[in-house]
Amino acid sequence: MRDINIDKTELGFRVKELIDDKARFITATCIDEGEFFEVIYHFEKDSELVNLRTRINKEEELTSISSIILGAALSENEMKDFFGIKIKDIAIDFKGRMLLSEESPVTPLLKLK
Amino acid sequence: MPRITFPFGPQHPVLPEAIQLQLTCEDEKVVEVTPVIGYMHRGIEKAAEGNPFVNNVFLCERVCGICSFMHALTYCQLIEGLMNINVPPRAKYLRVFWSELSRIHSHMLWIGLLADALGFESLFMQCWRAREVILDVLEMTTGQRVIQSSCVIGGVRRNIDGELAKTVFNLLDEFKKQWDAISPVVQKDYTIRARTEGKGILPKEQAWELGIVGPTLRASGWAHDCRLLGYAAYGELGFQPVVEEGCDSYARTLVRVREVDQSLELAYKALNNLPEGEIAVKVKGFPEGEAAVCVEQPRGELFEYARGNGTPHLERLKIRTPTFANIPALLVMLPGSELADVPVITLSIDPCIACTER
Amino acid sequence: MNGSDILMALAALALAPLIGGILRGLDRILTARMQGRIGPPLWQPFYDFIKLCAKSKKASHRGPVVWAWAYLVLTVTAWLLFVLRQDLLILLFILAFAGASLALGAFSVRSPYAHFGAYRELLQMLAYEPILLLAAVAIFLKTGSFMVGDVLGFEQPLLISLPLTLVAVLIALGIKMRKSPFDIAASEHAHQELVRGVYTEYSGPTLALIELTHWYELVLVLGIISLFWVIPLWVGIIIALSCYFLEILIDNITARLRWSWMLTVGWSLGVGLILLNIVIVEFFGLGLRL
Amino acid sequence: MPQMLSNIIRNLVRGPVTRRYPKTKRTAFPGVRGEIVVFEDRCCYCGMCSRGCPANAISMTGSRKNGDITLGYNPFACIYCGKCVEMCPCCALVMYEDQAPPRYKMERKYRENTPV
């Protein structure tokens, strides 16, 4: 497991670099840390796990990486559903309703205060 | 003929899964596809945060019915990684044995469903009949047919010894006999080949870029298999992943057919080389830190990530199931195909929507 | 038409569904056994029929119901023409009308499943109609008449001179019975992409009507097959039943194929075989000498 | 096609392999996790089962001091993992090999006979 801590502005650039290096996108995980969201993009490169970590404020907006990897669109939609994290320019945007329906609770995975 | 938007699912006899594909068709040609999921989300990730971590094994098992053992195995390996638990070798071999049986029964189920989608009812029955033998072995050795609950953190709950092993070998031989009658049909039958060959092409480069996993990726010519990482006892047993170059539905069928043979071989090997000793170790303390683990499921790579904070409850458990990664493949494979091929192509990624919507 | 004819027609009206239902029951038992199952009892088709009749009438609108009735009436007319030894050609055209009304019934609703099913139903008719018509022509060339009565009076069994025609009619039987590899417009078990195709919008008593029509149709097609050996008639019936068994066997060893394949087979193999048969009989006179 | 033919013919000759379910029942394998029955007379009210249960299907109500302690088992919440049976020190929870019959209402006891 290899961790790379990055800033949210260089996310697209770093992902592009990894993809050009023949890495395979696995998934994206979001963790609620009170003030912040920690977003981890998991990649596999030569049978090794590479994590791109970025921390953003809860109000901040993240640019989608689905223009680089189409497969990431589902993961990003999922984060949007569960955490209410703001991600812009997702290739297929379900607007926070991919896994949740109209009647289901909003942002269920946020930690209760 | 004008464009017709055609709802495929969420309740459809061919695809007993709650996924809706909105197909826009011109004549019988599909020009556009939008997958709609979210009909049965259960919030298992949230529930896992509220449970003590030891009990989550049984919860994770219920993510999917078909690969329940693998889900439990993944979670156990995740926690064992977090807490540095050394699993006794006998437990590792038993885990391999049950994993491979799960793989066989999942693939048999899939081949049956494929036959059913093709209108080949007799083959469907034949496949599920052979699968029943494997389910009998699972029931006999773990205590339950589908939700085995035999894998726990630190080892396994049941042992296979003496008399039982003999019965298991007999049943596996019985399965092999039945399987040998079916596998040439799946591989060579004219009507099956006519319906699958050249259907649902997933080009090699695109498969890797989309992050496709499992048999779908291997059918596109990539020798990618998480078992190569050598978890449980796979490192000692040794095997080569099954790879096909066809990139179409037929190649995906062949990969699964050959994997049944391979899994059977691995199951025999694991049971024959079962080391003596304990089957479980005691778990003490609470998980702390971060861990991620990949396990090869029948449908592909299962990825789990967890973060513990030194309490009995995990802070975050993330489960990425193989179908979740494989759904984008449909966006590439379906447009341009004929309506009659849609069920076959959709099935060829072996979708498990229950998994996807943990 | 005399009194005995009327009695015979009435008997045929009553007996055909009975025979058809029993044949369907036999089909289900045989299919189950081929698949290693026990299967339903012999009378299951009738139980299904009664249950369907007892359901409440639900239809999106009247169109499909009217067409379902047309399907029944036309098929029954064709069956009566057959029993009353009328013209084979007219009978086949009425049967084609019956098939078309099934497709029209599906077109009269707005369900995309039904529409696609109707297209495929029409394509199916395109595949089997030439076969049946050419078979009638072949029979005419042999017996010199289109009348079923004259065929029944023909001493020499038709099978001896027209074996290839029978093979071609088998393809038509497969399509009519909706068995794989030809179950394209509506598969028997609904496990296909169009769910039930043309029948999707039917339910309850109307669906029972269609089921009843299928029984008539099945008996009629088997009747046409038994024309291939009329003296003595029981040989013809045995031939028809063995064709039926063969169809069930083929159903169990093949997957469903696509309509383009069906058209190719129907036109090249089916039509080709009959034409070959006609050429052999007419120009080489092989059949006549036998 | 020819590959399947031999399978079909074999089935046709050998006959069905399925059972007529309500008439002939399948015997359970030894060690299968089936129905759970609580024998409260043997219970020592230690609470191990209710603490270990991953589905919260077992609950202890009342207190030992007042003498009104009871063990509640909810078969509808139970996931039949068998953890409680493993943990119980006084064999008050027993797991049968047969599956539980279909139920329509909550009952506390389903079996009258004593366990083996």
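Note that the chains are named A, B, C and D in the order they appear, and that numbering of residues resets to 1 at the start of each chain.
The criterion applied here is as follows: a contact is a pair of C-beta atoms (placed from the backbone, for glycine too) under 8 Å apart; a residue touches a chain by one contact, two chains touch by 3 or more.
It should be emphasised that the depicted structure is a prediction, and the values quoted were computed from it without experimental measurement.
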Chain separated most widely from chain A, comparing mean CA positions
C
Which chain pair shares more contacting C-beta pairs: B-D, or A-B?
A-B
Give, as an integer number of Å, the spacing between the C-alpha centres of chain D and chain A.
43
Averaging over Cα atoms per chain, report the distance between chain B and chain D in Å.
27
Whole-angstrom distance, CA centroid of chain A to CA centroid of chain B, is 25
Could you put a whole-Å number on the gap between the CA centroids of chain A and chain C?
59
Please output the residue numbers of chain A that touch at least 2 other chains, ranges allowed.
none
When you check chain C against every other chain, which residues touch at least two of them?
34-37, 252-254
Hey, what residues on chain B touch two or more of the other chains?
122-123, 126, 129, 189, 191
Graph of touching chains, which shape: line, ring, star, complete, other?
other
Each pair of chains that touches, named by its two labels
A-B, B-C, B-D, C-D
Help me check something: in the complex, which residues belonging to chain D touch chain B?
1, 3-4, 6-8, 10-11, 17, 29, 31-33, 54-55, 79-83, 86
Along chain B, where are the residues that touch chain D in the complex?
51, 55, 57-59, 62, 122-123, 126, 129, 136, 139-140, 143-144, 147, 149, 157-158, 181-182, 184-185, 188-191
Please output the residues of chain D touching chain C within their complex, sorted ascending.
1-2, 4-5, 8, 11-12, 14-18, 20
Residues of chain C that touch chain D when the two form their complex
30, 32-39, 249, 252-254
Flag every residue of chain B that touches chain A in the complex, lowest number first.
34, 37-38, 41, 43, 45-46, 208-212, 224, 228-229, 292, 294, 301, 303, 305, 307, 315-316, 318, 320, 324-325, 327-328, 331, 357
